[in-house]
Each structure stands twice: as C-alpha cells, then as structure tokens.
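The two complexes that follow have subunit A in common; it is paired with subunit B in the first and with subunit C in the second.
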Partner chain A sequence: MTRPETQLRNVTVGPDQHASTGDPGRRLRARLSATFDRERPFAALMVVPGIVVLALTTTLPLLYLVGTSLFRYDLTAPAGNGFIGFDNYVRLASDERFWDSLRLSAVFTASTVILQVSIGIGLAVLVERMSRGRALVRMAALLPILLAPVVVGLIWRSLMLTPDFGIVNYLSTVLGLGSRNWLGDPSLALGSVVVMHTWQWTPFAYLIFSASLATVPREILEAAEVDGANAWQRFWTIVVPLLRPAIVVVVIFRTVVALSAFDAVYAATGGGPGTATELVDIYIFRVSFQQLSLGYGSALAVAMLVITLAVTLVFLKMRRAAA
Partner chain B sequence: MKVQRGVWIVTVIAVVLFLTVWVFPIVWTLVTSVKLPKDVFTYPPSLIFEPTSANYEQVTAGRRSLVGDLWTSVVIAGSTTLLAMLVGLPLAYAFARLRLRWRNVLGVYTLFTYLIPRIGLVLPHFVILRWLNLTDTHLGLTLVYLSFTLPLAIWLMVSYCEDLPAELEEAARIDRATRLQAFWRIVLPQLRGGLAATTIFVFITAWNEFLFALALGGQNVRPVTVAMYNFISVEQTLWGPLTAAAVIAMLPVVVLGLLAQKQIVAGLTAGSVK
Partner chain C sequence: MRNGTGNLARQGLTRRTFLQGSAATGVTALAGGSVLAGCGDDEGSTREGTEEYDQAGIDWRAAEGQTINVAVIPATYFGNLLELIPEFEELTGISVNSEEIPPGEIRAEVIRDLSTGAGNYHTHAADPMYYPLYVANGWVDALEPYLDDQDLTNPEWFAHEDIFQMWREATQIDGVTYGIPYDGEVTVQVYRTDLFDEHGLKPAETFDEFRSNAEAMHVPDDRLWGAALRGFPGAGQNMYIYPSLFRAFGGEWFDDGGNPTVNSDAGVAALEYYVSLLNDLAPDGVVNWNWPDIADAFAIGTLGSYIDAHSSAAVLQDEETSVVADSLGFARWPAGPDGRRVTSIWNWSFPINAAVSDDDKRATWLFIQWATSRETQVRTSYAFAGETKRSGVNRESIWDEDEHREAVDAGEGFIDAALTSLQEDTDLDWRPRVPEWPAIGDELAVLIQEALTGQVTPEQAMEQANNQIERILES
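And now, the complex of A and B:
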C-alpha cells in the first residue's frame, strides 16, 4: 500500500507543479518530510475514535459476557447469586435442551444454505441467458433482502402459513396435499421456517452468483458450446468451477447468518410448537430474558460464540485452500 | 448465443416463477392492508373487494397508533447511523490509505467485530444498560446499535476508500493542504456516492433490528419492529393493522433501498467477486 503511494507522489507531483519555483527536488523532499512528521498524529486522529468505540461497544461487552458466565446471576431469585466458577458450563454440558437446539440449528443451517446456494446458482445461470429483464430480476431480488426479518416472520406466519386463510395452505389444498398447520405441527414447523429463511436470503446468493457470472468471459461458455458440450455438462465442468470462489463466500456468510437466525423464526413460531423450532439463539434468549438466568444464558452465549467462531475459521481455511 | 426455443421458454417460465415467489408475499401484504376483516377471511383468497384505509387509520391514530414508535425508529436508526459514519469513515480511510503499524491486526479485529453474533452482545448490553440506568432510553439503544452499525459502516467504507484514486490527495498535499484539509476537501467529495450508499445500508440495518430492541427497549422506547409484533398475540391476529404496520415499516427501507439499488448490490457483492 505504501510503496505505490510514494511512487505516485514522485510521478504525479514532480516537475509540472513546481518547475517554476526552482530546485523542485529539495522542496519536494522538505515538503514530504514535513508531511511525514504529521503522519502519525493524523493517523491517530483517524483511527483512535473508531477503535475506542468498537472496543467499548463490542469487545468490552464480550469480556463482560465471559465474566458473567462464571456467576450465578438470576434476576428472579437473586438470593443465591454469586461466583460459581465453571458450574454453568458443567450444567450446559448435560443440558439436553441446549444440545437439541444445537442439532436443530445445524439442520436448519445446513438445509437453508444448501437450498440458497443451489437455487441461487440455478437462477443466476438462467437469468444470465436472458437478453432482457435482468434489471427487473435484480430489483425483485433486492426486495426480500431489504425487509426486516421480523416483518418477514410475521408476514409468513399470518398471510402465508396460517392454516385457514394462508396462501400456502390454499395452494396445498388446490394441489391436493390437503390443509396443514404449517407452523403448528411439530413435524412441519422446522421445514416451514427453513422455507421462510430461504425465501428471504436466496436473493442474496443470487445477486452474488450473478455478479460473479458477469465476470466470466462469454467466449469460454461459447467455446464449450462449439465443442458440443450440453447445458448440463457445461454447468458442471465450467460454470461451477468458475463460481467456486463465490460459492465459498456465500456459504461462509449464509452459514454465519443462519447459525444466529433469530428474528424471523422468533416472530413466526417463538421457537414452538414446544421446542420444535427452538434454534440455539432462541433458547439462549428464552433462558436469558424469559427465565432471567443471566449467568447461565451467558455461558450458553459463550458456547455459541465459540462454535460460530470455529465454523467461520474452518470455512476461512477452506477458502484459503481453495484460492 | 443461439438458444433453442424450448430452452428459452423453460428459462422464462422458471424466472417468472421465481419472481412471483419473491414478490408475491410483499404484494399480498399490500393487498391485505387495504382489506376489511370480512375480506381478509374470504376463502379462497380473493382479489375482488372494496379497498379501505381503515387499517392505516388504526395504526396512525388512537390506541394502536404506531406514530410514536416510528419516530423512535427514526431517531435511533438515524443517530446510530450518523455516529457510526462519523467515527467509522475516518477509520475506514485510515485502513485504506495510511500506513498503520498495527494495520493487519486492526483489520482482523474489525472483521471479527463484524462477525460477532448479536445474541452474544445482547446479554452484556442488557446488564451494562441496567447498570448505567439507560435501559428503555433512546440513548441506550443508539449506543448499543453502534455494536453492529459501526463494523458494518467500516466494512463497507473501506472498499470505497480503496477504490479512490490517490492522485488528487497527493496533489492537494503538495499544494500546501494539510492531511486533514485534503481529507475534508478532496477525499470526502469524491466519496459522496459511497457515503450515501453506506449511510443508506447502515440505516436500513438499524431500522430492521429486532433482537436488541426487543430485549433492551420497553414501554418508552419501542422501535416499530417490536411495536408491530404486538399485533400478533396468542388469542388473535389483527390482520389488517398488522399488514398496514408491516407496509409502513417496510416503506422507508424499500424506498431507500431501491433508490440506491445499484450501490447496495455492489456493496453486497463487494469482495466476493474480486
């Protein structure tokens, strides 16, 4: 970063600006050194406020979270509150409900990410072939991304998935699949929230794949066509490998987001029926803000942070290996 | 590219199907928001009805009015966006341009803060706000929102700053401008587009926030995302007001988002295509 800058300085500034003032070399050097003098205070001025606010709003709370996880901190029964070491973590290890929520989150994340990536690629490839209407598709794709997840959850809960009047229910009745209680039936609820999440975020995957496809030279695809490869072969042998970096990025980002999905699912089911859609974050929220066990909630949150971090690191490693 | 007719038809059908699936729920929300209860509950769902503004009247005046909550959202999302840009932009510029001794460490640190799941922050923020007596206040939520708006603002602005050609700043500095003057008079005007897009994107994210608002707000400070949640209860769903509220809540973000759609798409896809 710094080296090209220095070169630029010499190239662009040099003679044409100071030719008339005589001895440009020395003046330039004096000016540069003066600038260099001010560089570090200037850098501090630019950097320090941002870093301080970041530290105060993100890092300090995280440290506080780790601290709290070592305490019994129940707002409902404050009498027994105090330092308990790693007891919260011991409790967590044998908390079936936590492990169930973790399994649910894993299933939720894996299925929605796979759906988002495959639908996103498929649509990007299809739209790429269209000569008109791409702007329209992009606009439509942007809409769900812009909506608040909680609004999405509420819309799906009421208009789309309600048993008696919902559109999905109407369609399923018309198609002869019968009327179902999409969010109220424990065996259907998880699938329903996966569909809902996938609906909102597939456009994100689509936009990235479509931008990535736009950078692929058309000649490559055309050459393959001349070689007699059919559409399916072209897709697997050319498109997918070319999109590989984009796929890795989408998988990383969508996994992190799906792992910490809360708003839409909470709005749609509140984690229910029972614990059928109780993803990890919903369980943590219930423990912390409904049972008001802040200490145990903190331990759960720490565990979740560690898991998220580990998953992210593994993906980043894979990305580096792929590149 | 020559495409056979059959393939072309399949493509169009598939694309139209996807568009319908994406746009329909939003359109249906709009439609339902101008229906009277008797029209909401007709089965099968129908498009033939007398439109009404009753639902909008319900959510803009009287007991169920959302006007105060909308104002809360405007104030909180607006101030947190302003603060995030104010401290985030200089930092992003520094990352892109200045030689910093801890550049890599700070860069990784910023990325890390961007990736922290909110569930890990909401709990300590809750305790800290209680301790500072800031629960259920505008100031409290505004500050807490910085924990995700600031990393986002930095993340987006760095790439805009990196794309900036350095020549003009260099020239300005040679013309006796101090670094600060160069930043103010040369860099900022050039960054206008990126600044606008980032501001819009950060504002949308803050406007849409739900978890912090739910846990840290209360009777006084209740952003619209939480307020509209109250139209659904275990006993009944107030469909008309709910959809009217949803339309009002999505209106600002959709308008802003479509205004800046090119920049937002570029921002979303930045870094993943390079």
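And now, the complex of A and C:
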C-alpha cells in the first residue's frame, strides 16, 4: 500500500520540479495536473454517486448483518424475537456443528488450494514445452471455469461419481479398485468434493501461471542450462521464485473462494451424507434459509467474515514480507 | 416431485412430451356450451369465451384496474395457467404480473417478502407445510370473508368442497381456510409389469411384500436393482418419503403434551425398513438420489420398482428416453403393520398476502378463485391446447371425467392408484404441522441420511432427532 502512494506523489510533484526546463511534454503534463487540481471538487462530486451506491449495496447490508446477529430473529417462532446482545455468539462458541463445519472448510480449503497450485504450475510448465496445440489446451482449460458451479455439482453427482453408473466408478472398477460410493460413503465424500472443486478451478490457476511463465526471460533459463543446472534445479530455483507473485495471487483468490464454496458441493451432496461435507457456508445457509433462524445465521456469517478477513490479511502480510 | 430442488429444467423437458398421443383424443370431446378453438392452436385453451365464468353470476370486474403480482414455480402445470392469464385480464380488468421462481428459492423469497410486510407478492405458490408458520406470524389472511362474500363468490359455482378434502385441510389451520389448492400429487408404487409377469408378482399390499417383490427382481450383477426411494437429504427429498413410512408404521410426531415422539418404536421401525430396503435392494448411490435420478434409473431399465409422485410417470412414458414405456404399472402405497396406507398430500396452493391493500386483496381473491375454479382447471388440463395436460388437477369431479382419465393415463392401474390414494390414503399429519417445520424437516432429513449411510443406527438417529426437535421447539 505504501509504495503506490509514493509513486502517486512523485507524479504530481514531478511536473512542478521540471516546469522550467522548457520540455513541452513536461509543460503539458504540468498544465493538465493544474487542471486536475482545479477540478478536484467537481471530480469528487462525480464520484459521490458511485460511493453512495457502493455504501448502500455493500456497507449498509454488512452493518445490518452485524446488527441482526445481536437479535433472536427466528421466523418459525416470532413470539420470542428481540434483542439478545451477544447470546448468538455464546451459542456459536458451543455449537459443535459449527466447529465441525469450520474444520471441514479448513481441510477443504487447504487441500483444494494446494492441489490447484501444484497441478496448475505443473500444467503450465508442461504445456509451455509443447511445440503445438498450446492455444487448444488453453481454450479447453477455460471450459470448466465457464460452467455454473451448480451444473458442475450435478454433473459430478449424476454422471461422474454415481456408483454403478458413473464414469469415475467405471474407471475405478476397470483399474481393479472396485465400485465405490464416492459421494454416499462418509469417508470418501469430502475427498470427492475436493476433487470436484479442484477439477473446476485448477484451470484458473493454470491460466495465471501460464501467463506469468511467458514473462520469465528465456536468457536466464538458457544461462542456467549452460551453467549445468538440471531441469529440476531450473524449475525450483528460477521458475518458482519468478512465479512467486502469481502464486500469492492464486493462493489468495482460491482460498477466499474455497472458504465460501457452496453451490457445487450443495448440488452434489447437500452437505451430506449426514454432515460429512457440510462446509461452513452450507451450515449457514441451512440455519438461515431452511431453519429460518436469521439472527443466529447472521452471527455465523459474521464469524465467517472475520475468519475470511483474518486469513486474507495474513496472506497479504506474507506477500509484503516476501516482496 | 414438485417438492425437490433444481429439477425444473428437466421437468419442463420431460413433461413437454408428456402424453402427446392421448392428448389428441382428449381435447376434442368437450362439455356442452364451449366453443372449440382451431386445431393446432398451441396457446391458451381449446375452450374460448367467458360463458362458463359468466355462470358464476358474480361481478368479475369488481376489482377492475388493480394490478397484482403472482409468484409461481417454473413448471408446466403453472405454465399452462400463465398462458391463460390474458383471458383472466380480459374477464376482470385486473392486470397480473407473474414471476417464476425455482422451488429451491421460492420459500425463502416469499418469506422475505411476507416477514418484512413489503407486499411484493399478492399471492404465491405456497408449500402446504408453511401455513402453520404463515398463520403464526399473521402473514396471510383468512379466506372465509372472501368465500362467504356473495358479491365476490358464488359458492355453488366455485364448489370449494369439490377440491380434494385433504388438500383443502392442508391449507387450513384450526378449520380456517388460508389457501386454495391449485395443483397437487400423490405418491404411488411404480413397477415393471414385464418383470412382475416374469416372476409372477402382484403389486405389494404390505411393506413386507414390497420388499419381497424387490428381492425377486433384484439381480445387481445384471444391472437390475429391486427398488429405490429418495435418499438425498432435504425436507422435500428424503423427508418427503420417510413421513409416509413413519405414519404407516403408526408413528405420531408429538404426544398430547406437544413433546416430540419420533423416537418411538414406530419411528425406529419405519427407519429400519427404509435403511434395510435401500441398503439391500437399491443402487449404492441412492442416498444422494432425488426423484429425477430414480425416474431416470427406472426409465433405462435398471430398477424393478420405486415409490414416488404419480407425476414422475411423465418421465417414464417418453418412448425416446424410456425403454420401459410400455411396461409401466402403478399401485397405491403398501400398507403398514396395521393396514394403514399413507400417501403424500403435497399440493401448491394460493394464499392472500395480509400486507396488501383491501382493493388488491379483492383482486387477488378473484385471481385465486379463477385459477382454482373447475373451469380453469379444465382449461389448463385436458382442454389445454398445448401438448402438456396437467395431471394434478385439484377437483375430484374432473378426475371422474373420461376426458381427464384419457389425457393422463400413464399405464396399468395409474388412474385407480392415483385416485384411490387421493380419496383414501391421505393423512393430514403426514408431516408435523407446526410453524417450526422448516427446521424440524431439515434436521430429520440429515439424521435420516446418516442412518442410510450407516453413520448412526436408526435408533440413534431417531433419538438424536427427538432431542433436536425438543431443542427447536424450546428455543
């Protein structure tokens, strides 16, 4: 955050310093800058509608959510509704189903992000070396991203993972692993939805890594090769460090999305069997919109918001430390 | 089947082809006084004019100039109604804005509207299980003032009591009417007549027979499983099937003091039957299946029998996608230990939003009366000009008409199974009718699935369910 600000200051200060040098380009920039300064109030006025809309559509609902979390707001038994202070948060602290779902979300997030990053880099490096067909791979990679997550959930539930009927099940039978109830067996269901999520979103990581890889200077790699570095050394000591900014971006994006994963998993398992794939967002949805406890649901959502913010801040800190 | 989520696109597709063949014969034989529209007209009804509505002798234009908003789900049985709305607008001078909201969202959407008193939807397709909640909050109006208002309603013409009794009662609380059923369904046994003939089987009269029939047909190595029931967790999925078992086994949701009693012997026995039937005789994935998965598996010839909504027959009749289209058999639910059969009383009904103005309420009542009247039910079913004739009409007298029977007959025993179930196998307490149903249904659904996958025993599941329901009722 601090660097962009100093850059900004340099830009505005710059023209003044050089105004007398007689360079026409600089003079023009100085005049433009003066114009901007004069019109700043007007510019601010122009921005106001945007800010108001943003406040109305994001900030206010957020405050309303926090407010609602302090009330008992059960639509199914409205008689006892009212302000209850932090009671919803006290209940949350001892709600085992919430902590279970949080643990599931943590496992789901960590495993999908690690898989997406490692498979994404691997794919990017491999495809980079292909002499032809790169454009085709990139296009094919886009397809899963374009699908609505609900569709992905239903496809994986009905076509891929259904025991006795599904494609994955057929492959596993052919490979001698036998027929498995991928989404119906509590011990396999979480792994299955991790694979499903990874299938849909690894292409996103791949596309970013692939673009980033294209900017790695050939010369460095060639020089390393001349110096006798083998393929692994070149990958680990040159490519990975150069991809680091891209990796951080992918990790942050994918973590936030995985923490709030809902649609595909809900369509595939409904959080089941039992609560075996009940991620936090599915639990919050159930409490709020199926059980109609809006106050407690809001408290859960606020808790999840705090957790997501904390995780994101940690990543941003790490990114700055690394840079 | 209207109870599920995310199946509508499918439903539209499969129902479009529903009964193409029999339709042509059904639409031509019409009751007297009506005018036939031109052949091949696929919009509106084959009946035209307002003569039948004029016979009501009420002032249809009593709320002229009002505009009302109606929320329904995107299904062909409502689609047929929406196509006739121009006729309603012409008859009454009331403008109707309709909105189609998927079944997975309509409850939350409507509750948001009702709970804030915003009055966005004057009426909507309502889940009968939500009336206790609506009424506890005062969100919808009692309809007797409208039913009894001679300027607005002609009781003889409207014939409220012609609507299936249990559907009517499902929309009443303490004898007061809050909604009028528009369309509904019953759950029935569906079986393969060819396999039944081959093994010399008869439609099951008892749960034991249903199981032994399934055992006789069950050859999983040849990709043929004996039976299937919905296993997906959800108030509209496995909690659409389990309540019929629970009640047929003699279960009571609450004791006289209002305390939950789902952990009774009957509750556990019903779940044990459900679990062992699906574990022993259904495909492995069935714990995640909803009705379309079951209907598909049956249509491709991998299931011997199942129990689900009579309307799921539409999927099985399409000869392009179903290899069993000409060997469909239907029967009522098997009976429980005491001879009791319990079918679904599921229906979509229309209430009046309490938050709208009196003028709007009168307009809304005229719409509800029109939509649920015998004449409009006929115009949206066998007399509908499009391909799909509704099979879930609300009036017993229409089910008695040959035209309707011909238009919806799906195979051996279909009409008899559906109609007898509607008349005899209904049970008002099929599911627990309390305002807390949304939470109770959801908790039960999760625990039932845990039992189906063996995470807990049926006894543990019902014990936990009982505790959860107690907690829900206390909080």
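Here is the rule we go by: the second predicted complex is superposed on the first by the 279 of 323 C-alpha atoms of A that agree within 3 Å, B and C clash if a C-alpha of one lies under 4 Å from a C-alpha of the other, contacts with A are read in each partner's own complex, and residues count from 1 in each chain.
The definition used in the following text is that a contact is a pair of C-beta atoms (placed from the backbone, for glycine too) under 8 Å apart; a residue touches a chain by one contact, two chains touch by 3 or more.
Just so it is clear, the structure is predicted and the values come from calculations on it, not from any experiment.
For the composite obtained by superposing both complexes on subunit A, the positions of subunit B and subunit C are in clash. Using the contact criterion defined above for the overlaid structures, shared-chain residue A:F165 touches subunit B and also reaches subunit C. In the superposition on chain A, A:E39 makes contact with subunit B only, while subunit C stays out of contact range.
Touch criterion met: A:V150 reaches subunit B and subunit C at once.
Once the two complexes are laid over each other on the shared chain, residue contacts for A:G274 go to subunit C alone; subunit B is not touched. Touch criterion met: A:D74 reaches subunit C, while subunit B stays clear of it. Within the superposed three-chain arrangement, the count of touched residues of subunit A is higher for B, of the candidates subunit B and subunit C.
By the touch criterion defined above, A:V53 reaches subunit B but does not reach subunit C. When the shared chain is aligned, subunit B comes close enough to touch A:I208, but subunit C does not. Of the two partner chains placed by superposition, A:L313 touches none, neither subunit B nor subunit C. After overlaying the two complexes on the shared chain, residue contacts for A:M130 are found with subunit B alone; subunit C is out of touch. On subunit A, the surface patch touched by subunit B in one complex and by subunit C in the other comprises residues 150, 154, 157-158, 162, 164-165, 267, 289. Residues 6, 108, 111, 115, 133, 136-137, 220, 223, 231-235, 237, 283-288, 293, 297, 302, 435-439, 441-443, 446-447, 449-450, 452-453, 455-456, 472, 475 of subunit C are the ones touching subunit A in the complex.
Only residues 1-2, 5, 8-9, 12-13, 17-18, 28, 31, 35, 38-39, 42-43, 45-47, 49-51, 53-54, 57-62, 64-65, 68, 119, 122-123, 126-127, 129-130, 133, 136-152, 154-160, 162, 164-165, 167, 170, 199, 203-204, 207-208, 211-212, 215, 218, 221-222, 225, 231, 245-246, 249-250, 253, 256, 259-260, 262-263, 266-267, 280-281, 284-285, 288-289, 294, 297-298, 301-302, 304-305, 308-309, 312 of subunit A touch subunit B when the two sit together in their complex. Within the complex formed with subunit C, the subunit A residues making contact are 74-78, 80, 150, 154, 157-158, 161-166, 179, 181, 183-186, 267-276, 286, 289-293. Within the complex formed with subunit A, the residues of subunit B that make contact are 1, 3, 7-8, 11-12, 14-15, 18-19, 21-26, 28-29, 32, 40-41, 43-45, 83, 87-88, 90-91, 93-94, 97-100, 106, 109-110, 113, 115-128, 143-144, 146-147, 150-151, 154, 166-167, 170-171, 173-175, 178-180, 204, 207-211, 214-215, 225, 228-229, 231-232, 237, 239, 242-243, 246, 249-250, 253-254, 257-258, 261, 264-265, 268-269, 271-273.
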